[in-house]
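Letters A, B, C and D mark the chains in the order given here, with residues in each chain numbered from 1 onward.
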Amino acid sequence: MSEKIGRIVLDRFESEALRGNPHGDPHVRTIPVYLPPSYDGSNERYPVIYWCHGFAQTALWGVNGSPGIPSLPMCMDRIIAEGAPETILVMVDAHTRFGGSLYLNSPANGQYEDYIIGELIPYIDRTYRTKQERDHRGVDGKSSGGYGALALAMRHPESFSAVASHSGDIYFEAAYRPLFWEFLNQVHRAGGVERFLERYLALPKRYDGAYIAALSMCFSPNPNRPPYYFDLPVDITTGELIPDVWARWTALDPVFMAESHAGALRSMRLIYLDCGNHDQYYLHFGARLLSRKLTRLGIKHEHDEYEDDHLYVNYRYVESLSRIAAVIA
Amino acid sequence: MSEKIGRIVLDRFESEALRGNPHGDPHVRTIPVYLPPSYDGSNERYPVIYWCHGFAQTALWGVNGSPGIPSLPMCMDRIIAEGAPETILVMVDAHTRFGGSLYLNSPANGQYEDYIIGELIPYIDRTYRTKQERDHRGVDGKSSGGYGALALAMRHPESFSAVASHSGDIYFEAAYRPLFWEFLNQVHRAGGVERFLERYLALPKRYDGAYIAALSMCFSPNPNRPPYYFDLPVDITTGELIPDVWARWTALDPVFMAESHAGALRSMRLIYLDCGNHDQYYLHFGARLLSRKLTRLGIKHEHDEYEDDHLYVNYRYVESLSRIAAVIA
Amino acid sequence: MSEKIGRIVLDRFESEALRGNPHGDPHVRTIPVYLPPSYDGSNERYPVIYWCHGFAQTALWGVNGSPGIPSLPMCMDRIIAEGAPETILVMVDAHTRFGGSLYLNSPANGQYEDYIIGELIPYIDRTYRTKQERDHRGVDGKSSGGYGALALAMRHPESFSAVASHSGDIYFEAAYRPLFWEFLNQVHRAGGVERFLERYLALPKRYDGAYIAALSMCFSPNPNRPPYYFDLPVDITTGELIPDVWARWTALDPVFMAESHAGALRSMRLIYLDCGNHDQYYLHFGARLLSRKLTRLGIKHEHDEYEDDHLYVNYRYVESLSRIAAVIA
Amino acid sequence: MSEKIGRIVLDRFESEALRGNPHGDPHVRTIPVYLPPSYDGSNERYPVIYWCHGFAQTALWGVNGSPGIPSLPMCMDRIIAEGAPETILVMVDAHTRFGGSLYLNSPANGQYEDYIIGELIPYIDRTYRTKQERDHRGVDGKSSGGYGALALAMRHPESFSAVASHSGDIYFEAAYRPLFWEFLNQVHRAGGVERFLERYLALPKRYDGAYIAALSMCFSPNPNRPPYYFDLPVDITTGELIPDVWARWTALDPVFMAESHAGALRSMRLIYLDCGNHDQYYLHFGARLLSRKLTRLGIKHEHDEYEDDHLYVNYRYVESLSRIAAVIA
């Protein structure tokens, strides 16, 4: 093989922040790390991109791929072959038994934000030859991971200077609201939220079947409501919004966070958003709305919309990875 | 044949109210009338149920059926065979080229409410041996026709004393909001609402593809906006609600009309609602919510929920038809 | 109304051939008859087209329609307005409780072919002012009714001189074979064919859920196998074809009948086939194959393929109706 | 972490057999190897299971997973924790640019069987501490990989003594025939097979869109037909089977190979088959048929059918892995 390719390391990372989390999810996570082609033969330090996986996935999802649906390491190999600066890619893991933490701290899920910012980044910086300033760190992701990238960048501008979101969960009115009805049907059939979740956990295969409940654990946790510690933002019989609970969701919607975190966004050297124009979760509406809000706030960013849907859009990742690699080099 | 069955007449009814309507839809409509078994051999007068068809249908839909999916005449034959009072059933037609008028007057569609209340009922009363007081008249329907029945009863208690809705369009937040996103995708692809509707009209087959536009013509018409005379309640790029337009929709939502028309509802001798518990349009949430509101208002009604979805629920029609026939006899 | 339109009569026709049929299906059928615009004001005799409805439908399906999905009478009005000879259209009814007879005699279903050829045609000829020779009679239909039209024309050239099939059931290998697997899943779940059919009959709504069983009643009836009197052409556990039973099916496949009934086909003054190019039942493959066979047999015919699927293709009916009307005038 | 877990190694394996393959697919493959918990701390030799991935996947698919959809290493950790003998698992890669080689040699795809049997197994045996006799080697897989496992075991009893297939491609009549029609629709739309494949290769995302063509490259390659070197087993216009080409497919169908390779199957110490009872590809019919054939041949095997479909059935893998691990220890 003449082409230069990077190396994948599968680290097992032990988190104190996640130890004893309410779900009993593992506090040890497999963290795939992509080391660029020149890494092993040099003493250089490298910039780092953190990648946030989507809902129902774990970090290992990122290494799975094929020539037709390239994995993240394949994307990195390609952009570097095409001239991008050599960059480390760290695949963060934020899976929970209900599908995902959205990269936030929550009394229902555990301290995922603390684990990433306070533990994983330092671990990477002491384990690999990294450039350790925010200027050399970016965060990227897809779907719920696009949300995660935006939320982490907005809340931690001290850690990241570039952010990208592919088909990210933006504008919850479009992304999540339409999904409540079918969720309530299932809750109704199960005889209540708790029984629905008990049954869910007993299923032999669990993918995204508890999506709305998992989101509620992220956006409207309630430490006083065992055993799952969250409030639903809707009346389970009629589906009517419960305004004060929904307000807790919208406060964490990137469309609204853009205003409350405008300073952080302004400090980014790159903000990149894209989405397919017939995304099944209607996330293109959110990308458009966030872009419009950023424009109104005078915040520089790039927004692409392309002909595709939500699934298997891995070929788009080179767009963000190459842009981030260029600015954090 | 020993069993007694009714007779179907296909009247062609010419409406002055619909003449010259903005779409150029026909002002002559085929109105199927079911005359009960004893009608031809008697001189009696009969009570009348008006039936409102669903979206994208015409009144003739009501006569189509099979043993497995009974037509309205088959349902009438059956309830009468089982002891219900002999009753005339009139199948109202409120089709428009975009799919339906929802039985309302609208500067975008034409004066469908006027045509039904002011023309069709008098025509039926002078053409057939009917009992002509409100106490002997009921209104019923399915889906958009369930909406029509509720709206006509609430707005015209002088005409009807019993109302039923099967899987009716109730609680627009559940019934219509989730459909906006895909509609906007199509509008976007077509390059705007007008071009979308032009293309729609040019299709060789047209069923419910212009649903959201058609609803806008019913709920938020705008006489100052040619050529189709309506306002959309959302921003076509981002899907954000336009509050004052959406307020015009909700004012016509049965869930909210129940309060503004509580007196009319209280005057009904029968209010019957049902819906399948996994209706694809989430109409069971609206039925539950309307039932809850009626209960709070102290308005007597019956609310059934059953194991099924939105499609082909003709077997449920005997529930409302027999109840209405009993109270308007 | 200045435009001339025809009149719809809903005849109730009592069949001796269907009396006492094995399913206990009604021997009295509603037969809609379209009388062309000039009929009532003239003493002329008119040619007649017989229309065969699709599976799970009854004859009344033909009168249901809208401007966007025209009914058969609307199609007739239109072709006559555009210059086609005035023609009567008779909507045949061949529904069974399992969905349809395919217009064949069968010990499992009843004598549907006899009823149409031996009773219904004579009834129409003595009830209406018809031209009574084969030269003035055509047969047309869609889907299973397209099959019916072809089968009736091939088996009864003494009755018809023109035939058309829209999206007709042709080439059972493509049309039916792929549907066996899901049917067997359901049979397996029910615990056998009989129990599956018992449960089917107990459903509150029955459309096409017993399709493969119904076809078996048409193509491989077995008078010695009560209570439903048919052989399945497959092993119910493995789905393997049972060759001698399947041979009975293929003998009735138009693709093979074309050879055994080439003389009848040659006597037709019009053979018209069309099908959408992405028909969900893959019927376009059958139309192509039948056309190829007819060409090889030197039998003149017309074959159209158009951009559409199997559903709501009513706008195509003017193609066959106008062609038949022209040759049987 | 107190629980003992294995280690994943991502080997890059260079194959001479695949070098210069007709598609230009890589001859270097990433081969994930699971080393059991005690491996690193011992000098023991271990038995080996080879795992065959499904269509459109690569070997890396096997390491992707979550608590709800366990990866292969997670399955191995679990069976070992529950007492299964410690065993190495090698994830074979047999991806091609059209989706998969089905683990066969083919002039259209390359020498995948040679690469596995002649190169990969020796490489594993010289790289890791393995037990190197057939008695200590098993082969397993899912979907197309279930096919691969069966084909490799039947053709190479000198290499394997235990075989399992989860939802394997068995009985091509059920598994593949129903898929031809939609494939032909796409070929028709593209204007021929070659143009279809050209367009396919130009797509930004490629998963299983060329399935039938890929299978033809495996089962009916034709070295004389550039540029893709295969014969389709059907007429592309009518879908009629081309008997002599289809005979080449069926000769490679496990249902028929069972007879031609009965000796090899008899030499297996374990044959395990399972499939969900509503597999979307109807593979449960094939599992039943193969089981019936094996029984008729007097070949001992185990056949399970369970309540599920084709997707995400990873939780089933412990059934085969634990059984194989037990017999090859």
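Note that contacts are C-beta pairs under 8 Å (C-beta built on N, C-alpha and C of every residue); 3 or more make two chains touch, one makes a residue touch a chain.
Because the structure is a prediction, the values reported are computed rather than measured.
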* Structure fact -> So the chain most remote from subunit D by C-alpha centre is B
* Asked: If subunit B and subunit D share one sequence, what is the angle of the rotation that overlays their CA atoms, in steps of 5 degrees?
  -> 180
* Structure fact -> In whole angstrom, the CA-centroid distance of subunit A from subunit C equals 56
* Asked: How big is the gap, in whole Å, between where the Cα atoms of subunit A centre and where those of subunit B centre?
  -> 46
* Asked: Centre to centre, by mean C-alpha position, how many angstrom separate subunit B and subunit C?
  -> 33
* Which two-chain combinations qualify as touching? -> A-B, A-D, B-C, C-D
* List of subunit B residues in touch with subunit A within their complex -> 171, 173-174, 177-178, 181, 184-185, 188, 237-240, 277-278, 282, 285, 288-289, 292
* For the subunit A and subunit D complex, residues of the former touching the latter -> 1, 8, 10, 12, 14, 25, 28, 56-58, 60-61, 63-69, 71, 95, 97, 99, 203-207, 308, 312-315
